[in-house]
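Heads up, the next two complexes both have chain A, just with different partners, chain B and then chain C.
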Partner chain A sequence: MSLLEIIAGIFEGFRVTATVTALGLLYAIPFAFVAGVLQHFLPGVRRVLVTTVIEFWRSSPVIVLLFVFYYSLPAFGVRMSAMTVASLVLGLNIGGYGSQAVRAALQALPHGQVEAGLALGLQRWTILLLIELPQALRSMVPTFMNQLIQLIKGTALVSLITLTDMTYRAKELAQVEYNPVGIYSGLLIAYLIICYPVTVLGRSIEQRASYAESKHREF
Partner chain B sequence: MNFDLEFAISTAPLILSAFFTTIWVTVVSSIGAALLGFTWEILRRLNRPLRSLMRFVIDAIRSTPLLVQIYFLYFVLPYYGVTLPALVVGVFALSIYYSGYLAEVFKAGIDAIDSGQFEAAKALGIGRADTIFLVILPQMLRNIAAPMGNYFISLLKATPYLAVIAVPEMFGSALDIASETFRYAEPVLVAGLIFLALAVAIAQAVKGLEQRLLASSKR
Partner chain C sequence: MIENLTGTVEITDLDKWYGDFHALRRISLSVADGERIVICGPSGSGKSTLIRCVNQLETHQKGKVSVGGLELKPGAGNLAPIRRQIGMVFQQFNLFPHLSVLGNCTLALTRAKKMPRTEAEALAMENLEKVRIPDQARKYPAQLSGGQQQRVAIARALCMQPKVMLFDEPTSALDPEMIKEVLDVMSALAKDGMTMICVTHEMGFAREVADRIVFMDEGMVIEEATPDVFFSNPRNDRTKKFLSQILH
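Up next is the complex of A and B:
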């Protein structure tokens, strides 16, 4: 097989990779915003509770979580399809990281924004939705782009719980013929084609946000 | 199949016996990743063509999944006659993967150094190598202690990936038990709980360290 044929074969798994990514985002984005906002606003014990949930999803290794949800939970009577497990675990893991970006962005806003809103007689949640979040969104975007790449890369793990994504296809091809160089180079290229544009886009957004490039120094 | 608590408890010592492999892999890979990452970042700053090349290399490393990089090294190296133990391949893969992220951390750390430092070094006639290692490196390290530590923790959480190439770290041992006994639920859950406990312990340690650093910087 030529490299092109290999890459074409690998991209037969693109649908699964894309589906897990999309479903993962459906878990990640709401979780990031709800958990981040709650962590920012709730007082005392309830805040500790939210933090615990976030930390559970953030601090466990995602590969171990996938196996626990897929292999251990059925022993307790909780059965989910591989696709559900994959999108839930990958999504909430990424969402946990995202929630910290949401919280940090909200905390970084000058307090005068909220006070001005209150002085104008706006409801607290109106201030959150119409004043705080739109401004905070700008500083969240670079982190979100990085998390999107992490999510796409994380989908390679679903090949371990029987989903036929791009990595799974590559392993299938590896069983058909002995050509490790071609097949695994092809697999690297396949992910590079998907993720590299996102990486470059994320970098340019980040630079626009921080003007870091103007400080680049050569020795 | 029901959850067998006694069996689960009996797997714990076996999994924990791989604890030091996990720690060893984490420490060696962290050092490898830091050295590689610093090398990428120095190369990126030497001249213009290298700057574009290294930027692509770093982005490419960050745009491909760790799982795929592990497979690539594990299956492609033997094809060229390089047969290394799985443990060594795993350490290489983790070092390479995280070097991409650490290079970005180092970049930010160097950008944050006042430009007067570079000018002063030049005015004093300090050579390029001495400037890098005696003037820039120490100041950079102080700037990036926190983000670098985060990536080391993230690396620790990535060690279970090595189970896919049968490295006997904790998760690999759990999967070994699973394939010998045909029971996945118990060893996988026990491994998950151990990793969770480890993550909580590290989070507490980091919190303590941060408070101490804060206190010492206020002095």
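Up next is the complex of A and C:
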């Protein structure tokens, strides 16, 4: 098998890798925003509760979470497809990190703007939606792009719960043909082919955001 | 109807603590419709705290604040409609940096008052003319000088067509050459009959515009007088000391 053939073989798993990434984002983005915003707003005990949930997803090893959700929970009657477990676990793990970026970005904004909004008679949630989040989003772009790449790379683990992603395909090929150097180099190249354009895209979004920022921001 | 409030402000026996610190001590102050009040006093005397209690950016623990006869209760859920009747201008401008000048002026009109965009923009332009910067409407705050930003902040507050305007040291963050343009706008506003409560150390402005000057120290109102009496014949020793420091 030539390297090209190997890479083509590996890319048969691309659909699964892409699906896990996309579904993972569907968990990660809402979780990051809801958890980050709640952590920013809530006082006392409720804030501790939110922090605990975030820390659970952020601090547990992803591979252990995958095994627990896929192999252990069915014993308690909770049965989820491998795809659901993969996207849920990877998504909430990355979302946990994302929530900290959301919270930090919100906390970094000068509080005077919130006061100006309140003085104008805007409701608190309108201020969050129209004044704080749009500015926080700009400063979060670099972190978010990094985390998207983390998520893509993290999908390599889902082969351990039977999903036929690119890594799984590579292992299949390795069983058919003894060529670890060629096959795993091919796998590395396959991930680079996906991640590199994302990095480039991220950098261009970042530049556009920071250009807009330099135009908007004064302090 | 909240829209028909008069511009009266009634502060009765107000007490405010930050933790153990007694920041406002039994303050009473009534401001009539159309009256212009200047509040002055040394740093830390509670001027900002008092003015911020009027629109409940700070909550008080005792006493009563009402505007146009409507009480603003600390922590009440329905503050927003009353706040729309009370404009506020801050020392640091507090413009929204991600919105254009026009966007700053129309945001609360379209969101809180549900005014159609074209109508809101027309009203915004009208107020930008009042503060003499209609030509900057499409720019962003960071592209403006401090004096221009503060005038945008005034226009933004005026767009809500408030009955009362609160100013908390609106010229203290400005370079000297920009102070006058802001004070001119404020004087014009006073001539239009707006009820105004201004925390400021611009004594020239106070002398010219104020109906009454309130001097505060250590969380208390020490002296209240017309500008004439205040500057020529202050009664209290603390007032005299303050004036001798501020007027050279």
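Here, the second predicted complex is superposed on the first by the 199 of 219 C-alpha atoms of A that agree within 3 Å, B and C clash if a C-alpha of one lies under 4 Å from a C-alpha of the other, contacts with A are read in each partner's own complex, and residues count from 1 in each chain.
Here, a contact is a pair of C-beta atoms (placed from the backbone, for glycine too) under 8 Å apart; a residue touches a chain by one contact, two chains touch by 3 or more.
Since the model is a prediction, treat every value here as computed from it, not as a measurement.
Among chain B and chain C, the chain that touches a larger number of residues in chain A is B. After overlaying the two complexes on the shared chain, residue contacts for A:205 are found with neither chain B nor chain C. Of the two partner chains, chain B is the only one that A:174 touches; chain C does not reach it. Shared-chain residue A:135: touches chain C; no touch with chain B. In the superposed pair of complexes, A:71 makes contact with chain B only, with no contact to chain C. Looking at the shared chain after the overlay, A:118 reaches chain C, while chain B stays out of its contact range.
Within the superposed three-chain model, A:104 lies out of touch with both chain B and chain C [touch as defined at top]. With both structures placed on the common chain, the touch criterion links A:196 to chain B but leaves chain C unconnected.
Applying the stated touch rule to the two superposed structures, the overlap between the chain B and chain C interfaces on chain A comprises residues 215-218. Contact residues on chain B toward chain A in their complex (touch as defined above): 1-3, 42, 45-48, 51, 59-60, 62-69, 71-72, 75-76, 78-79, 107-108, 110-111, 115, 118, 128, 131-132, 157-161, 163-164, 171, 178, 184-186, 188-189, 191-192, 195-196, 199-200, 203.
Taken in their complex, chain A has these residues touching chain B: 55-56, 59-65, 67-68, 71-72, 74-76, 149, 153-157, 159-160, 167, 170-171, 174, 180-181, 183-185, 187-188, 191-192, 195-196, 198-200, 203, 212, 215-219.
Of all residues in chain C, only 55, 57, 79-88, 90, 92, 94-98, 107-108, 111-112, 140-143, 153, 156-157, 160 touch chain A in the complex they form. By the touch criterion given at the top, residues 110, 112-113, 115-123, 126, 130-131, 134-135, 138, 215-218 of chain A touch chain C in their complex.
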